[in-house]
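Working notes for the structure below.
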Amino acid sequence: ARRGYAEAVFCEGKTVEQVAAIAAAVRERGARTLFTRLRPEQVAPLLAALGEDPAALHVPEARLVAWPAEPPARSGGLVVVVAAGTSDLPVAREAAVTAAHLGREVREVVDVGVAGLHRVLGHLDLLRSARVVVVAAGMDGALPGVVAGLVPCPVVALPTSVGYGASFAGVAPLLTMLTACAPGVGVVGIDNGYGAGHLAAQIAAS
Amino acid sequence: ARRGYAEAVFCEGKTVEQVAAIAAAVRERGARTLFTRLRPEQVAPLLAALGEDPAALHVPEARLVAWPAEPPARSGGLVVVVAAGTSDLPVAREAAVTAAHLGREVREVVDVGVAGLHRVLGHLDLLRSARVVVVAAGMDGALPGVVAGLVPCPVVALPTSVGYGASFAGVAPLLTMLTACAPGVGVVGIDNGYGAGHLAAQIAAS
Amino acid sequence: ARRGYAEAVFCEGKTVEQVAAIAAAVRERGARTLFTRLRPEQVAPLLAALGEDPAALHVPEARLVAWPAEPPARSGGLVVVVAAGTSDLPVAREAAVTAAHLGREVREVVDVGVAGLHRVLGHLDLLRSARVVVVAAGMDGALPGVVAGLVPCPVVALPTSVGYGASFAGVAPLLTMLTACAPGVGVVGIDNGYGAGHLAAQIAAS
Amino acid sequence: ARRGYAEAVFCEGKTVEQVAAIAAAVRERGARTLFTRLRPEQVAPLLAALGEDPAALHVPEARLVAWPAEPPARSGGLVVVVAAGTSDLPVAREAAVTAAHLGREVREVVDVGVAGLHRVLGHLDLLRSARVVVVAAGMDGALPGVVAGLVPCPVVALPTSVGYGASFAGVAPLLTMLTACAPGVGVVGIDNGYGAGHLAAQIAAS
Amino acid sequence: ARRGYAEAVFCEGKTVEQVAAIAAAVRERGARTLFTRLRPEQVAPLLAALGEDPAALHVPEARLVAWPAEPPARSGGLVVVVAAGTSDLPVAREAAVTAAHLGREVREVVDVGVAGLHRVLGHLDLLRSARVVVVAAGMDGALPGVVAGLVPCPVVALPTSVGYGASFAGVAPLLTMLTACAPGVGVVGIDNGYGAGHLAAQIAAS
Amino acid sequence: ARRGYAEAVFCEGKTVEQVAAIAAAVRERGARTLFTRLRPEQVAPLLAALGEDPAALHVPEARLVAWPAEPPARSGGLVVVVAAGTSDLPVAREAAVTAAHLGREVREVVDVGVAGLHRVLGHLDLLRSARVVVVAAGMDGALPGVVAGLVPCPVVALPTSVGYGASFAGVAPLLTMLTACAPGVGVVGIDNGYGAGHLAAQIAAS
Amino acid sequence: ARRGYAEAVFCEGKTVEQVAAIAAAVRERGARTLFTRLRPEQVAPLLAALGEDPAALHVPEARLVAWPAEPPARSGGLVVVVAAGTSDLPVAREAAVTAAHLGREVREVVDVGVAGLHRVLGHLDLLRSARVVVVAAGMDGALPGVVAGLVPCPVVALPTSVGYGASFAGVAPLLTMLTACAPGVGVVGIDNGYGAGHLAAQIAAS
Amino acid sequence: ARRGYAEAVFCEGKTVEQVAAIAAAVRERGARTLFTRLRPEQVAPLLAALGEDPAALHVPEARLVAWPAEPPARSGGLVVVVAAGTSDLPVAREAAVTAAHLGREVREVVDVGVAGLHRVLGHLDLLRSARVVVVAAGMDGALPGVVAGLVPCPVVALPTSVGYGASFAGVAPLLTMLTACAPGVGVVGIDNGYGAGHLAAQIAAS
């Protein structure tokens, strides 16, 4: 694994055969690996190629397979992953599983959108105990900036393509996050849950 | 005045002579009028053409002259105008003066950016007593959505070109406001303080 | 309900199970609720979860379910909802049903596009009797500005993604509405009929 | 002259020396020519190089010099040039002078913005007598579409960069004109008064 | 028919029932009408509603039905419609049928892309005999400007969404046409064959 | 100071008087503060208002004043700040001074653009000893992704508006950084050196 | 063939019948031809129309058919085609087959993304022996600039639409390539493997 | 010099002192160097630092200084540089001087815009004798594609920011060039004359 972390295979643009061949090599080498952005027809051949001993973990809503299923021993600080709305959960979950399989303790918080501030304020203790907070949000993407104003640790802002119309498939939340008034926000690409989880794991490494 | 409100003259693209000629006609007709987006060299000739009886009101930071200086008798509900940061004040002030000269009671609140939620929460009583709240904000433009989640009345969201880089001269706050998660937000054009104040006055007419 | 209005559940990005679970809770709590942007497969499970006593109202062209079917007692002023073309009707209808279920009297006007001014001029009495007018339009989106020049009340401009080519899925009408020459226009997001109806209901609250 | 019309020299990107040299050659050849988008420092050397017999016509607000000053004999139909606001006049004037120097009869109409429909309706007889109408407009750019719905002849839509904020230096009116709901609209580039006048002259050639 | 021309019904966003109802009314009134941008499932019900006496003309590749099938008596000048490539033919055909059913003589020229100048030069006589030339082009959209440099009459430039990648669904040819170096080009919206044909018919009316 | 760090005052949009008044209050409260994006005419009045005991630090190329001049005691890990080219130095310096005044040890590396890989490879030991690396780059913005592939720690990517033409004032490097192929990259806004330094200080806090 | 090279037929926007008719003419004339961007249903009729003597070459992953299957005699210098990731292979393959069928020797290198510099450095000898290198890359598109810094010959940069979110269907790599810090990079359109291969063949002609 | 060519120093973002210091080092090392995009105030100090023996060449319209003034011995094939209009000459000249100082024979052709095809056709022999043609063009940028259809060698397309309105500071010609219908076009960044000249010199190396 590059630089001490699990490898990742970006599967969206690969054929079923290519993914299965990579999986066989992964199993052969015994290299801890994440398979991300899987298309539905890739899953069964991938799981077959990885085999059962040890088994893989399939997280369908995050379009992800982690091998082996068991994450490495926990080290470093706590990663809290916040999904602004239920619709942001798939991307947030991809971040959470990635961070966990890179060795961090992870906690998830869902549905704390900025339209009701009391909801995010209700989780303040957990948020303030984190070494890093990942915040996934679509539409206006205002939540990461609000959270950054409430916690001392860095915030990884994860824009999602959730929404319609003037959210322009994630452009609106992306710009909001890049211009967040509170400092302490680092932004990753639209829907890039894998990247957010990886960055969070590196920040929380110590 | 069209539909019962003061007229407005958009001065930015007019020559000094054109503005002075319009002012003379305004004084002649005795028509309550706002002169907006004045270039510095237009102001003295304009004031001269309007004369002293009654006098005009010059609000330099808002690039606005109102004639006559005295607003009409107050009617309707309270308009609260919020400027997220000090840099948004010129545009917010244009909205406030406009609403006042269309006959509303107006209150201004400054520097309550979303990075420090306690600041906006400290004005909650005033905000909740309004018939309409105008919120001017640049950079991430998150404040109108937060305010809309806290008050029962409509919010007029006024994006400003304040900021640099990824705020793209007002595009970032504009998109944030159009996609605000809390309902009850109506957006006007970037830096259009006049339009925001006019809309607010119409909303608060009763 | 937040700030005294019906709740809304944005269903597009949720699973069928999530929507059904929310519906069961809504029924339990007895909270007046709108389910918006429903995908076809969500409708039957949703109606089943809401049950029959009281029944829900399904408005398929607006992709909306209101519970209970009966709107609250009418209060406040009249909301007129205008659809520029027949193709804008689904979004306009979403606005109309939303305003009605927030307690307003609502009237709909269809097919009064700006290409034939006589059509909109023919509805002038109704338009001038409104406390607020919602105007949904795609393509060039010129109608809200024309209406705002004809009525004393505020106009909620609702850009739709109706059209093709250079209307860029609603960007063209959005920009037209944000730069409308007549003051008195507040804009909501592209295809956001729910937001337009909610804002209109708040404006017409008194 | 190409295809039977006056030549044009686009001066903005040329040095003073290049413009003077072209002028000397023009005078030598005796070729009817328009010098467009002149920078202030180019004007005197240009007029000197063109000389006095025959004299040139300088139209400063349109940044244009026509040589010779006298337009050719009139032929074809009437060109009506409409400027939506006073600020659109420089670009509209460039169109009008161009069409006149390509041999057409031209009439100008100013300040008939769409915010007050009565103003444009007051010119209906003139508009309906035209062989082609040029309409220059900035901000929302809605006027060409409205005019096209009122007249049987073609409309040349001329977007201007007049405005601020969300008019995006002419993008908003450009898109409005490209998506105008009434058919019969041909659009030219932003601030391209010369192109609009030339196209109008060709349309009105017979 | 508005202003003396056939009516048009934009069918893309209408239900099958709405289209059939409009068709019945059209037949009742005997009003010459074009039905544009038809979805496949709308065609049979539409033809059934229009009936057989007189019959309608269905042009599938242009997604258009004209009623009655027979165009009106020819008047005015010649309209030449050029399709840069075979892939632009559907949109070019929509323009050609529209112009013909508004009373013009129409000639079509196909596959004369700018990459081989000899092909367009081979049609020079026909092009120069036109009262107006419509040029449909995708990808780089350079053909209308080249044609405008070769003919004395106006050119209606019709950008198409044909292409991939950096043609951005018609944006690249649209911008090329708006900035064409040769004067005499009026641009319509992307894929708007109907609009191009209508404008051409108006230009060629005399 | 919010959350234990120095305050920051964004000066670009403030008047000279507003900045001086804030400075007097800062000195009064004794609150460690950074004044960022200073306009030249603001500097002398600001330094006068802050006084001499303790003195302030003025970093002209970074448009920044830090008060007091002495940074707090160092804690946490090493922050390495890389400027891809000499032209990126002002923004990189703003990040470096910010991180230092939030208590971190900071090292700067300049002119290691991706066009000559040997230059960045020559600094590998220093880069690998960092707790976080900030990489400022304009034009293509490829350097942060290359660095992220070489180091185990997080990379804060700081796009600059350095460049011309197709770098679009920072948009090109911004997109490159958001889509960097190596994981471990968190992006801040264009030219936001302050934000990058603050985020880096938080990441390196332990 | 135009200018001495094989012809190409862009098939995406053509009907099956049009493609088959063109193929019959190609076979008749005996003209060496590439059929590009084939839709699946076009392939069998195309191959049937081309016949068996000589046979055609079908490269499904590149959506290409070359006729005849045998490329012309090799001349000129070596073309090396690099695919940054496995997902870029289809577009890279289109470039490689094109260059080969225009008479060049071609070598392919796959999966040498910039995230792991050692991978590209491992191919340095091959890269430096080329007369031209084609580099296909999506996401951040940083590889062409890195390669251009390592080789003396020109680099043809080929942006692909591979990726998601902020790569915006190829816009991010396109901008990166246009602003590459190392000189010697010529860019073609997004996903335009044919154009890249053609340009490379012309560069390597001698 | 990297890879056997002259070095280049991009001066726009550097201080006068930085440029002078680099010049002194250049003279010391005796390294053939181009100083590009010079600001006026940088020129005299730069020339002073380079000294007189050998002297430097200053090309003001191209904002370039070459040292030493004498280009290296000519090798390779002919580079023809075409400027579509006089306004494109500065950028074209930068390309021409760059290619000459990298050792190529260079010929310049000016003012052969696509609006008058006869002008470009008049240079056909020269164009067809080139090993590579550089074509600089603004506004619609159609010329490179036309030239590519006329010559067998590669074309380097160089978009310029010349123009106004809908040319969007070079975006319109950039897109035209990326989508040129004739193959054989490689595009460089907007106004990047240096890059175009460098690429051309590499293509024409043999």
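First chain written, first letter: the chains are A, B, C, D, E, F, G and H, and each begins at residue 1.
By our rule, a residue touches a chain if its C-beta (ideal position, glycine included) is under 8 Å from a C-beta of that chain, and two chains touch if they have at least 3 such contacts.
Nothing here was measured: the structure is a model prediction, and the numbers come from that model.
Student: Report which of B-C and B-D is connected by more C-beta pairs in contact.
Tutor: B-C
Student: Can you spot which of D-H, A-F or B-C is a repeat of the C-E interface, where more than half the contact pairs line up?
Tutor: Matching pair: D-H.
Student: Whole-Å distance, chain C centre to chain G centre, using C-alpha means?
Tutor: 49
Student: Express in whole angstrom the distance between the two chain centres, defined as the mean CA positions of chain B and chain G.
Tutor: About 56 Å, centre to centre.
Student: Using mean CA coordinates as chain centres, what's the gap between chain A and chain B in Å?
Tutor: 42
Student: Indicate the residues of chain B shared as contacts by at least two other chains.
Tutor: 2, 85, 115-116, 149, 165-167, 174, 178-179, 189-190
Student: Could you please specify the touching residues of chain A with respect to chain C in the complex?
Tutor: 85-88, 115-116, 162, 164-167
Student: Please give the residue numbers of chain C that touch chain A in the complex, ascending.
Tutor: Against chain A, the touching part of chain C is residues 2, 10, 12-14, 18, 37, 159, 161, 170, 174, 189-192.
Student: Per the contact definition, I'd like the list of chain F residues that touch chain A in the complex.
Tutor: 2-5, 8, 77, 131, 149, 151-154, 156, 174, 178-179, 183-190, 194-195, 198-199, 202-203, 205-206
Student: In their complex, what parts of chain D are in touch with chain C?
Tutor: Spelled out, the residues of chain D in touch with chain C are 84-85, 113-117, 139-142, 145-146, 148-150, 163, 165-168, 171-173, 175-182.
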